[in-house]
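For reference, chains read A, B, C and D in written order, and residue numbers begin at 1 within each chain.
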Amino acid sequence: MNTKNDLILDINNLVVHYETVEGTVQAVNGIDIQVPHKHTLGIVGETGAGKTTTALSILRLIPDPPGIIKGGEIFLEGEDILKISEKKMRKIRGRDVAMIFQDPMTSLNPVHTVGAQIAEVVQLHEGLSRSEAIKRAGETLEMVGIPAERSTEYPHQFSGGMKQRVIIAIALACNPKLLIADEPTTALDVTIQAQALELMKDLRNRLGMSMIMITHDLGIVAEVCDDVAVLYAGRIVESGTVREVFKSTMHPYTEGLFNSLPVINDKGARIKPIPGLMPDPIELPEGCAFHPRCPYAFDKCTKETPELRYFGETHGVACHAYDQTGFKLKRRG
Amino acid sequence: MAKEILRVNNLKKYFKTKRGLLHAVDGINFSIEEGKTLGLVGESGCGKSTTGRLILRLLEPTDGEVLYKGKNVTTANKKEMHELRKEMQIIFQDPFASLNPRKSIYELISEPLRWFKVYDNKAQTLKKVEKLMETVGLAQRLINSYPHELDGGRRQRIGVARALALEPKLIVCDEPVSALDVSIQAQILNLLEDLQKEMGLTYLFITHDLSVVNYFSDDIAVMYLGKLVEKAPSIELFKNPMHPYTQALLSAIPSIDIDNKKERILLKGEISSPINPPEECRFAKRCNYVQDICLKGQPELREVSPGHFLSCAVM
Amino acid sequence: MSKNVTTINDTGSALKKRKKISRSSEIWMRMKSKKSAMIGLIIFSLLILVALSAGFLVDYQDDVVTPNIPERLQGPSMEHPFGTDSIGRDIMSRMIYGARISLGVAFAAVIFQVIVGTLIGAISGFYGGKVDDILMRINDVFASIPNLLLAITIATALGHSIINMIIAIGIAGTPSLVRIVRATVMSVKDQEFVEAGKALGGNDMQIIVSHLIPNCIAPIIVQGTLKIATAILATSSLSFLGIGIKPPTPEWGNMLSGGREFLRNAPYITVIPGLAIVTTILSINLMGDGLRDALDPKLKQ
Amino acid sequence: MSRYIFRRVLQLIPVILGASAIIFFILSYSNQDPVMMLLAGTDPTLEQIEMTRHQLGLDRPIWIQFFSYMGGLVRGDLGVSYSTGREVFKEYMLRFPATLKLAFWALFVSVLISIPIGIVSAIKQYSWFDNFGMTFAMLGVATPNFWLGLMLIILFSVQLGWLPAGGYGGLKFLILPAITLGTGQAGLATRMTRSSMLEVIRQDYIRTARAKGLSEKVVIIKHALKNALIPIVTVLGVQFGHALGGAMITETIFSWPGVGRLMIDGINKYDRPVVIGCVIMLCIMVSVVNLAVDILYAYLDPRIKAGYSK
């Protein structure tokens, strides 16, 4: 395992709830995440698994109300950012930790030029003058493959893929140590997605950043990430290196995700969906949240919530089934 | 052996816009055999959804014809069209928008039955609705629920049940799973597959997701800016993609196979505007193999090997 | 037939507890949960009750119109809770009768607006094209004249009677309602579920009845409610300017206007009818806002 | 852009002609007789009546009257007042400065109240401030202008004696009418500001701005407000345009010698040329303000600007 000093990000037992009229939405229920320097962690899960909430917690941007960080610690290079002042936190946002959001169509302010939107962040964090900042904005645009002249244009003059490049430019303008990308390519077409992923990989390597890639697409994880954490109902059910999780899958839910995917090279392999639906986060089932959909569930699963336990250095899985000796998943072909 | 159920001849749809004529669908030809699935693949704005709507005549085509079992759909009169609606149905992409929020599940599913006066009494209609709900895997107790009370997967099941109500032969599936999560997507895909087997349905499966379309279709047609660029049996298309666009599209799918990393073909630029497109091949601006001949126009779709059609002057 | 098909087994979803509730009681429940809307509803219901029972509460000849000079300009007291006016009539009695006039005119005018506005707006929105162009150009011309001015002109031309007031205010408020109905119809018409209905073989009539009307009715109800407030304001404004309902018929606006000469010695003559107007309009607006939230099924989550 | 303005001005012409025609016919089919109004109190002979009628041209068939009036209108002639015999346009311009002054200061009051309250209410949704702000706005919408004006007179003129109850003059005379008209407008504008801000602060780009590390003040003023302004400017523009056309009620209460009074007097005397003249001027005022608002949109939102140049 990594020692504390190697980690850029170390999240311990994070709990985030949303207090709504209908009840408490248990969005994140005790998550541990470690990201070493210059590593890329993929966070995978379906709608409502708590991916975005986790990401926003790292920037302390959970909308409050209704969201509350109920507990846990988030160490950014050794400092617990849940304990610092809002003023200090603002210095971290955009400078040390930057974020790329899902929808490029709505994530840029329509009434400011793209140049101004990039310049704003460098001006704020690096104390540059207005003209220096605008020059930097142009350079940053070039870096993501957009001619600097276009910095005086407005977002509506850019196509979807170009807008996402602008968003990447804003995020990278101050050379952040950690980049959080929340489904950065979901809204894009396949060929444009390929361009954006290629660009992000390239810049990450060049700038030596750490990255968290949030996605529902296992293919993207395989292409971009070193490590992966699988989220279900606000908990990590399996984590490890991409090889460990993809090649020796241990959790029944991860198995279900893989089995749900059509295999592109084998047309004959029938998909095997996970039965049932995601649980309502207001009324999570007792015990393991996955047990109502799990083909291997037994008594204990309905009563006790499984903790993440490690098989080897890095491969963790939260599942009771491994109490039974000789348990093995039946992964499709 | 199998007979043709749908044929599309030189189908065109142009929309008038402020900036000029938008060539949404620009002269496409294909046919589907009974009981088979044709996948229609392309990126946003390529005209695939418009094609689906033209086939059902939810839009009036600018030119060309749609033949359903030899009958011309595009010239059918009101009464003939009404009869044809029983045969051809559609499942929409967005299960939020395509269900009237003020109608209960019973009302939604029974609507076509009532409109076509399939049964003379309510008890029979109710029985049919219950049966349809069972068929698509909706619990009976939800019969009086409203769409907004349900999740996306269940809502899409309502959409499927409605499409099945009149026992059609052909169903246009317009991105039926792209709004859904992976595990729910798999449930709906399996449902559609089972239904096809049991009822002998024919599908036109419109999607942007290549892995889904490969799994689901017998044949695949690839669309780019209103034109078909390649069409082949899906196994052949995936093994031997010939059009530069198809090749790039296939290589762009993120693969979960971490041991066999493939070389990715990156395209330049983005999809160009479908408004007043120039005479040249629609893909010329982004193509890595573009030559002078490509600027003269887009070649017709021609058969390069049995069942494999291609529209490219270079390959 | 469905043996291969996986039926969803439910996983702790909140749906389990759901019993069948009818839509109207659901709307009522949502309305009830909003305090301000309920306050509005209660006040407004009381006002209607007072207006309806005005004939039982006071005698029109004796209490409302006959002057009683010896008792003129008396401040509020046990006998005259709201005091008396410049010719000694009991203000409370006149207020009660005035409620009947103000609310009656407003209701009638709004019914006129809703019928005419819905008809024109719906035709325009549904058919579009040339029909829409022509109707909207005419509507634009009417809309270009401010409500109050149009109402004043019509009322002046027709003369001062209750019926003419209803016509004047009804016509003046119609153009804006036409626009709202048209916009609603057009937005509903473009929804995918209307296309879905077409695909399922519904003809024009079936789609209008099944999809268009149910989705347009809620906004029309809400707008109609809010329009009652506007109409009350217009009625009293016209009467205040001396163009609407003339004394001795009591109407809140003309009562208030009648107190203008006595602002120094008897301000209550002006204050009290004004408070009544504010309360009424406030209650209607609160109710209308609540109704809007309650009728929107998408807001439920 | 200039082509856009030209097109808009062209579109205005049929609207003005239509509105004039509507008012013309409404007043013409009245059962009241302007001649009798004019000669009221003079006990005229039948001959006098006929002569006046002939002088005013009212003995001609209605269609002739209509086309003759419209003909004048096209040449820019608003006609002559029945009651004073003066040119309507001159009468109007005499009154207009007072109306302009009132409309401007009312707008000032309205902006000063509505925008700050609306913004803070939106940021602190459901707080006590929000409740207070929205109660104020609700009251603003529900309070009739004529009553508010009279209440202010009772308080500040009658009881406290600080300000005059009416008349035209310096700032002293302006305060009460401007507050009456302005707070009335502020009710709606406050609600609009709040709802527009609430809509905008939910947008993704506001989250992007926060993720940059910007302070809340910068996020609200620089990123949210500019986006929220369009519906607010629309409401303020409509209100300003109507006030420019004459705040009939406020002007009546405070004996403010503006075009609103001119209009009311004209209506009461069945002075058709005056009323139609005022309506035409009002339509022009409203349209000029609308056009100004549209041009302001282009400044606020580059997408709209791009739309104009097409």
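Everything that follows uses one rule, which is that a contact is a pair of C-beta atoms (placed from the backbone, for glycine too) under 8 Å apart; a residue touches a chain by one contact, two chains touch by 3 or more.
The structure displayed is predicted, hence computed values, not measured ones.
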Chains contacting each of chain A and chain C, listed by label: B, D
Pair joined by the larger number of C-beta contacts - A-B, A-D: A-B
Distance between the centres, which are taken as Cα means, of chain B and chain A, whole angstrom: 32
Separation of chain A from chain D, taking each centre as the mean of its C-alpha atoms, in whole Å: 53
Averaged-CA centre spacing for the pair chain C and chain B, given as whole angstrom: 48
Inter-chain centre distance, chain B versus chain D - centres from mean C-alpha coordinates, in Å: 54
Where chain C touches two or more other chains, by residue: 6, 8, 10
Per-residue multi-chain contacts in chain A, two or more chains: 273, 275, 277-278
Multi-partner residues of chain B (at least 2 other chains): 153-154, 187, 190
Residue ranges of chain A in contact with chain B within the complex: 46-47, 159-162, 189-195, 197-198, 216-223, 242-243, 246-247, 256-265, 267, 270-275, 277-278
Contact footprint of chain D on chain A as seen in their complex: 59, 61, 90-95, 98-99, 101, 103, 106-112, 120-121, 124-125, 154, 156-157, 167, 170
Sites on chain D touched by chain C in the complex: 14-16, 18-19, 22-23, 26-27, 29-32, 138-139, 141-147, 150-151, 153-154, 158, 165, 242, 245, 248-249, 252, 263-264, 267-268, 270, 275, 279, 282-283, 286-287
Chain B residues within the chain C interface of the complex: 53, 56, 58, 82, 85-86, 89-90, 92, 94, 97-103, 111-112, 115-116, 134-139, 142, 144-146, 148-150, 153-154, 159, 162, 165-166, 187, 190-191, 194-195, 197-198
Residue numbers on chain D that touch chain A, as the complex places them: 203-205, 207-215, 222-223, 226-227, 300-303, 306
